[in-house]
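One chain, subunit A, appears in both complexes that follow, with subunit B as partner in the first and subunit C in the second.
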Partner chain A sequence: MLRQLGPFIVASVPIIILLLIVLVLIFATGFANLGSSFWGSDWNPPKAWGIAVFVVGSFVTAIPALFLAMAIGLGLAIASTVYLPRWATRILDPFVDLLAGIPSVVYGIWGYLLVAPYFGKVLNPWVYAHFSFIPGFGGRAPISDGLGLPISIFLLTLMALPITTLLIRDSLRSLPRELWESGLGMGATRWEATRRIAIPYGSRGILSAGFLGFGRAFGETVAVAMVLNVMAAYPVNFYSATGTMASQMFLNLDAAFGSSSWLAALSYMALVLLAISLAVNLIGRRLVARVVSYEVAGL
Partner chain B sequence: MANALGGAKETLGEELLYDRSARTRWRLGFDKWIGRLLPLLFIVAILPILDLVYYVASNALPTLTWTILTSTNPYAPDALGVPIISTAEMMTAATLVAVVLGLFGGVATAEFLSDRTAAIVRTSANMLVGTPSVVLGYMGYFLFCVRFGWGLTFIAGAFTLAFFMTPYIFRIADLAFTSIPRHIREAALGSGARPYQYVVRVGAPIAFPQILNGVFLAMAIGVGETAPIVLTTTASKVLPTGAFSPVSFLTATIWENFSQPSGSPEIALAFQAALLVVIVVVGLNVIVRIISARYQRRLEGLFQ
Partner chain C sequence: MSGTLPDAGGPVISVQHLSVKARARAILDDINLDFGRSSLTAVIGPSGCGKTTFVRTLNRMAELTPGLTVEGSVLYLGQNIYDTQVNPVMVRRRIGMVFQRPTVFPTSVFENAAFGLRLIHEDEDTIDKRVTEGLQQAGLWEEVKDDLDRAALSLSGGQQQRLCIARALSVQPKVILLDEPCSALDPAATQRVEATMEFLKQNYVLILVTHNVGQAARVSDRIAVLSSGRLIEVGATADVLERPQQAFTEQFITGRFT
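Right, the complex of A and B next:
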């Protein structure tokens, strides 16, 4: 151990940064006691500091995005590993990886100026007109600016998609050739071999894709801050706005300047966000032995 | 002649070998059609990215002139020179810090730590990558800007950005050294090289392309980051004059101007900044991809 001490000090950079983040945030709270209202639903500075609204908001935006990204990612991964010829995947796969490289603020400006008006004028009214009988899709009519949950979920889906696709693709490709061939040799179609052999075999990798994709959507800040119309209220239905922890922290730091309990509330919120993100990340990475593709942002 | 996955009947000459049941035909048909439909999902991935690039470019290019790109006039509403140069300076500073921290850390992890210690360090690097950037921005704000008293300045932003980029470089430096074939390491150590001699004389030349890759990747991720920069710097209309002066950044320029009315010079500026960032990010990603492919081939050569 002693011989390792020198190298360990050099190598421990990530541990030090991680500890620094946690300690700085803990001390930034000043150990302020914000009262029992902290886990409540009423965020009304400087009187009430209920962060439940934002915790719920983070999950409400990230979970639908996760399901969409997993479904589409599974389809893309199966298409590119099983059905498409090699030359086609060589052209198509890089586009998916490229989605991970687009900065979130660029997604934000595109979403805010081009996609949101489309959601507001076309898509949301159409869904409202035809599906308002489903609970959560009726009620208050959508606003024509289009900012709100649907566009946020759409952008988060695009951002989580490369991670889920890539990890699912990796886990499908890790299937030993003999298993694949014996399946086909028994008379299974390619779909049946995928469904009954490749997917069960790669289930851990597919599950980890879910966790890491969720982590990406859960912590996304700037794009959501631009298109969600962030406010401290629970969503009343599918078309309404709400707030996520990350976007609220991002937009609120200026306002909190000089108010120690406001800063403390935001720091506590940062700790909650960090704890959930790290837990999700840790579980996701435990599921796969080693992520191979470091060359994709956020993975 | 239909193949095994095709037609309904297999024949050998005149003789009918077998007639497929309705169930078999359905199974084969399902496989065929899902194989045709699933690739259509690529539209979901490709259409947004093409639309985004087209939209940004079509809004940025008509008003883009050489003067806008180079002008550092603080009174012009449409000058991009300051954000461009400031971004380059910030990225240089942040990359230097991140390379020092990440490179030595990654090499030490790969070469000098026991497996168990290395696993702990790697896990924490992975967790850093999974940390939301806004949380890192908060850390930078509270530590550098408030505790150290640096204020919302160049140096606070650069250090926050460097901490953000470090784990990416760290992981790739680590990966580059661990993926060097075992026999090469053993040959070097067996012929009397000390571990550090192996790292410098043998390992470094082999790992260099991939480490360069990690640096480019970290730069691509760093230059597109917004939250840590906006939280730890103040926007400025002039070039930074020192480490403790306010500074602008391309992504921050987009953030400050995106809600301006359409047709204003400010919104055009936001689009031009977005186009530049996309070009830089995509360019770096392409370089990373090319280097990565070459490095893989080179490694395969080492196994022979």
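Right, the complex of A and C next:
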């Protein structure tokens, strides 16, 4: 019994940390009752504390960024493992790893000062001029400062890209050499062997890359706060501004020091953000295990 | 040295002045060897003699190893597969290969056997038919016919290896290269795979790499002995084993050299 105490304590460390975070947040709320409006769309403190706008905003920015980061990451990973000559891989791989280490505030500054004007003056007007027939791409014209959803999604894509690329790359590399060769030995081209063997074989890692990439994009705070033009309103179209849970909490930290209602509201919001992130991760793991165990492990 | 079995219609594969180098080091040195129809040739020799590299030159797999250069020619039905206009992908669709360890893909038994057929976009009826035939010829059909959708990785090692043989057979190649296909299998599974090989040699050109002289004795019609990248001796199995012409061959088959 005692022999297992040490391992048990070590194994519990992450759970204890998580519990501490949750408990502190719960106490920070002071169990304040913010009323039934909490799950509504009306954010008008101190009268109404509806966070639905921010929940939606978090998804609206994170989901497209995740899809882009997965698609580009898959492309880069396949290029790196299958197609590029060794000297090119030696340049590509370390730089992808390096991107992961750039602080998000640097992305934010860069995005705000250099990229946003380009979005505002060139890209958004061009998309508006040519694609306004697509639902969501017409309506209210984009504003010229370029802040809003497109640049937020762009930055989140860049920020999620290293982790998705890295994990997908490792999953593709985990394919045993003999399996790759026997695909080619059957007369598969490199692309066919990638699509039919390497990707299914690495599917567990590729799906995990998706869930981790989602976590990165969903919780990102500072950069989004800088370029999203955060406001408490649902996006009306592709170019508009909205708010995310993380950026909203960040921008209202000051208020939380002066008011217990604000502190409670932000703490509740933090709990919601945490709950969604954890739920996505847990459901993701379950899903990955279920989908993949049959094909790969033969269980 | 060259070895040709008398066979109507000429050799299926004719290896002529084949040399392989890894940078400056010679791995194979001027190999000349023909493979006729419907036979099983065992390529034997000690570890590192170049026998695996040899079979990998026969379907242009050798060039996947960085740094290897192949000289000479390998004629498949008279066509040199090393001609510049020949696409290695097409060569590999004609000349099947089975590896040391089972290399089933992470999908169902059926899709594994259908892999090569999907690559050439056969219709579903043909795929069904060829998969069945492939599994029957590989001696696996009775064991898997009730559940072709089960994961291939849930099969035993020996079953997986026979599935790999079925996968190679389904595209109806003339030649199948077997690179120590039993080295990861237990004796019972080895016996099943050997029985499969004996059945297949009636209709295919089988080229079996093995370091196991006993296996060569059991299943092959002809033995080619390699040492340090050179073809030392080739002849009918009984002749080579009972009356070896070269001292090296005698040492190797009697186990004085491993």
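Structure notes:
Note that in this section the second predicted complex is superposed on the first by the 263 of 299 C-alpha atoms of A that agree within 3 Å, B and C clash if a C-alpha of one lies under 4 Å from a C-alpha of the other, contacts with A are read in each partner's own complex, and residues count from 1 in each chain.
The definition used in the following text is that a residue touches a chain if its C-beta (ideal position, glycine included) is under 8 Å from a C-beta of that chain, and two chains touch if they have at least 3 such contacts.
Bear in mind the structure is a predicted one, so any value in this text is a computation, not a measurement.
By the touch criterion defined above, A:Met231 reaches neither subunit B nor subunit C.
In the superposition on chain A, A:Leu266 makes contact with subunit B only, while subunit C stays out of contact range.
Touch criterion met: A:Glu181 reaches subunit C, while subunit B stays clear of it.
Of the two partners subunit B and subunit C, more subunit A residues are in touch with B.
Shared-chain residue A:Ile197: touches subunit C; no touch with subunit B. After overlaying the two complexes on the shared chain, residue contacts for A:Thr189 are found with subunit B and with subunit C alike.
By the touch criterion defined above, A:Pro7 lies against subunit B but remains apart from subunit C after alignment on the C-alpha atoms of chain A. By the touch criterion defined above, A:Leu92 reaches subunit B but does not reach subunit C.
In the superposition on chain A, the residues of subunit A touched by subunit B in one structure and by subunit C in the other are 189, 192, 294-295, 297-299. Those residues of subunit A whose C-beta lies close enough to touch subunit B in the complex are 4, 6-8, 10-15, 17-18, 20-21, 24-25, 27-28, 72, 75-76, 78-79, 82-84, 88, 92, 94-99, 101-110, 112-114, 158, 161, 165, 189-192, 212, 215, 218-222, 226, 246, 249-250, 253, 266-267, 270, 273-274, 277-278, 280-282, 284-285, 291, 294-295, 297-299. Residues 59, 61, 64, 89-94, 96-97, 99-101, 103, 105-107, 115-116, 118-120, 150-155, 164, 167-168, 171 of subunit C touch subunit A in their complex.
Contact residues on subunit A toward subunit C in their complex (touch as defined above): 176, 178-179, 181-189, 192, 196-197, 200-201, 203, 294-299. Those residues of subunit B that touch subunit A in the complex are listed here as 5, 27-28, 30-31, 34-35, 38-39, 41-42, 44-46, 48-49, 51-52, 55-56, 101-102, 104-106, 108-109, 111-114, 117-118, 120-121, 123-139, 141-143, 147, 163, 166-168, 170-172, 175, 213-214, 217, 220-221, 223-227, 230-231, 251, 254-255, 258-259, 262, 270-271, 274, 277-278, 281-282, 285, 288-289, 292.
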